[in-house]
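Chain nomenclature is as follows: A, B, C and D, assigned in order of appearance, with residue numbering initiated at 1 for each chain independently.
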């Protein structure tokens, strides 16, 4: 038996904030709207649960409620063998799922089509205004503090050395993003589960998660709110990445009264990013958290432009998921 | 001009959870209810704000909304010179205050009478049941994760070495609390702002904050939810502490479907604790967070049993606050 | 041109200390002497030196002077292209080589036959006596102190927790060695250049170098002198190791007035170990230290029992070195 | 009984290297030789040895053999109660003393007159040449490597960021010294026994030991040999320091074929420094190392210009040592 869990999410008739912003931007000078972009997103994960007792697993594998209205149809998270998936929001508004998996194989897959536009995500510019802590919305304040992987206190002097002579606000954020992009070498073998922003700063290596932690820490040290985010990111409008498709970390900064997406690995705005979850750092938005022994035996992610009339392969069948990683 | 800020809080006709629990406990065998306890609580802090620009300060200096109904009268937070204090709840339900303080002297004082009972706070026992992660309320799950000062991942193997042979639940919590109490030497000079649970474990020294971080980290590593808390704690039913009165850290663990207060510095239940704020660790509940340069020039805290008919000294006058620290 | 550097070393007519010890041991009860063991040892390394300036490289790739008399013939360190190799002893009595390598390819190879006996290296036992610091030879004292990868101060409390209840001396050393052997999982991907003993303790993973650092740190914390060592170690009298042959780390402890070899990765005495260098930790005995940019493009090590009359393949020819790694 | 231990040291008829250098320098232009400087140096330490067993203590409390010829008379290290003091050199050529102290009070005092000249210690200048690793004397090479408190590998990228654009050699050393002098705030309470160079870099605070460790680490990361040193340093030709007289750390760098003293706490050359011991970092030259429980109950150091005909107070009497600290 396979359980097909359709995840409910709040619907809204108004477009998400950044989409309307992007539209406004595109109107300046050039009236042509960007063309529609349709993305097929999904994943296929397989686990071996050791047992003998069941293992509780938390998933943060849905798209974020604020972008869920852009899904073509209710998304499907398929769990095999079938079991109850309890869905709930966390304190940051992300959607979480929880299963109590019996020993044996567990497969979790997902497939959806995401409707967006072929345009760069919005970015702050040098003049984007930084807010005084006294005028920040209270909900934003926690994103100024230290967290597990972001030792704001320990990197504060370094941040001021590197960026303190620039004007506050967008100029500092852009300089931080570029510094991390240029100074941290990417490598899958150059990370570890306990790597912190300070480790990344001194070792100058890491994966996207590490780079974002460092950029976030620098921003917070300069009193600029910053939060960690996960999502899908394909090679849309970018050189093909030879490594297997994976989920992608990015971060968001608060300037001019809104949050802006930033990407310290790629060093520039991207097309076709799909937000999954946000938190203070990777601790808050781990894709999978397991309370018990398990082994990940298969992991494929797909993020690709879909032809409007393309027949979608069905998640849940092994053949389909192998095709995803090709 | 002095601003006298009366803090509103939700009122409730039902007693707080632990009070009813305590009552139930006292009924077993001994019908005599504990005598009432009336505590005078408060503080007097003075800061020099360097300037030239104003400094935003966040205060987490109120009693917690859940215990606020036990205050004798609306509490008074006095700010001198008078200025607006913006009050708001944080994501954990704590009450926060924010001021934008001009350069010069800033005085913040507080005075209240707290009504309780002369009885030990409730404690788990060896048989208190630990919940599987699969059955924990979603709001409790974040208190299983790592945080800035609680590197759960790094202390996990150590925790299992030390406590893995004990039965799950209350037995492990009590053993953790006792281990920290017996193995970590207290000393005001033996801490530092960036000291983490791992540092405390290897250095075997710290203040109450460090001890709680270590105990919390051990609990979370054993899959027992634990959160950090701040409060008032006098020498009620305890030997007088020769060091100046200070605020006090403690922590709470989740067993048997509820949160229980624990104190790894004193190693036992206490009488007359007054909860102020709760969070994942000290990052979330810093008493004062300042975005700008300041210097603390005076700091006194009072927590003492008050005679029912005692005339209260008025906060806001220097003489009174000096008396508080005597 | 190929330079063939014959390394001079002090000759001695007396057998090395541990060999005479082993002989004495074997006499108790069983008069049969162990059979001779002849080991072929060597390596072939190739580097690309980026340039444009020459790169200075330090090699600690010789056998130790104290065991050099057991080589069948003067050893040959071959450097291609030919260049001067400056040989000198370091402060610990190890033999070092230094070259100033021009940009381009650099090949360093070595081939020798080592004569020993087929017997376990000597080991302390539970009753081996620990010396008071007051009676240790002055030259031994530095091996009680902290070093780059051995944070004795930070792991001191942990060491006393784990081993403080055992009697001093051999019992503690054997318990330390077994603890590390049983609790640290070996994995080539589970190390990093800056991994310290504390990291290894909390992460419970590492390579042989990390395991020795942890065991050394525990020993020193218990006031038992311990030093780091490198050498050749084949699969003599052991199950074949499926991973490619590599150099091997071990350590030595000072008990009963002498140094004893210990191996926390294998957890037992071994046959056929060949000492190369000793120091406080891996910092002192890095096989290759390069002051400039280089890339290691080939690395093979050979340690195998050689038939007495076997024709030796010549180092310095690519065919031979490929054969070595088969 | 009081044991008066006269420490023998090698005598030499030639002046120490830097003195002849200083003389050469003073001849350029100005023929006037600096006036003689006579310094009274010494200390008085008292310990409580807990017992019940004796405690071994190592002292590195003598002046260095290379400057010992400048003592006015054989120095006296007085140990009370009298006991054997075993004197020996360590691997770096420093003089060490070892006692096995019985439980009870232990007093160690020292008094000497040091003859020097009133002139600044020699300093490198911007053009002082840095040697390639290939041409450094082998004995100098260890001072390029990491050590317990100097994580060269972890601070390497930071060092190259800060100083990589300057020309090699003296210019980098002077910039490193000035950077540490200007960026690290001195404070006795801002250190701890396990504080490393990386800690000092991120915390920007420390004592002289921490500052030297950071400067040494930066130098080594730039391939400039650097070693840690301890000594006496009074307020000669400097503003009086209000804190109690203490021993003083400094460091030495290798440029132009010789070692130069550097002082990152004071940021400039000093008059009247007296070298005691040198090593890789503070691990190698701890003033007192104790293998057992002890408590330091008195600690005074004296370093002051002595009038030529001044009557010397005798060490070993409490009155004298109290006078020393006045």
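List of remarks:
Here, a contact is a pair of C-beta atoms (placed from the backbone, for glycine too) under 8 Å apart; a residue touches a chain by one contact, two chains touch by 3 or more.
What you are looking at is a predicted structure, and each value in this text was computed from that prediction instead of being measured.
Here B-D and C-D were compared by C-beta pairs in contact; the pair with more is C-D.
Among the remaining chains, A is positioned farthest from subunit D, on the basis of C-alpha centroids. One finds 53 Å separating the Cα centroids of subunit A and subunit D.
Centre-to-centre, using mean CA coordinates, subunit B is 46 Å away from subunit D.
If you average the Cα atoms of subunit C and of subunit D, the two centres end up 34 Å apart.
Residue positions 154, 194, 203 of subunit D are each in touch with at least two other chains. Taken in their complex, subunit B has these residues touching subunit C: 154-155, 157-158, 183, 198, 201-204. In the complex of the two chains, the subunit B residues touching subunit D come out as 189, 192, 194, 203. Residues of subunit B that touch subunit A in their complex: 54, 56, 58, 88-91, 96, 98-100, 132-134, 138-139, 141-142, 144-148, 150-151, 153-154, 193-194, 223, 283-284, 289, 291.
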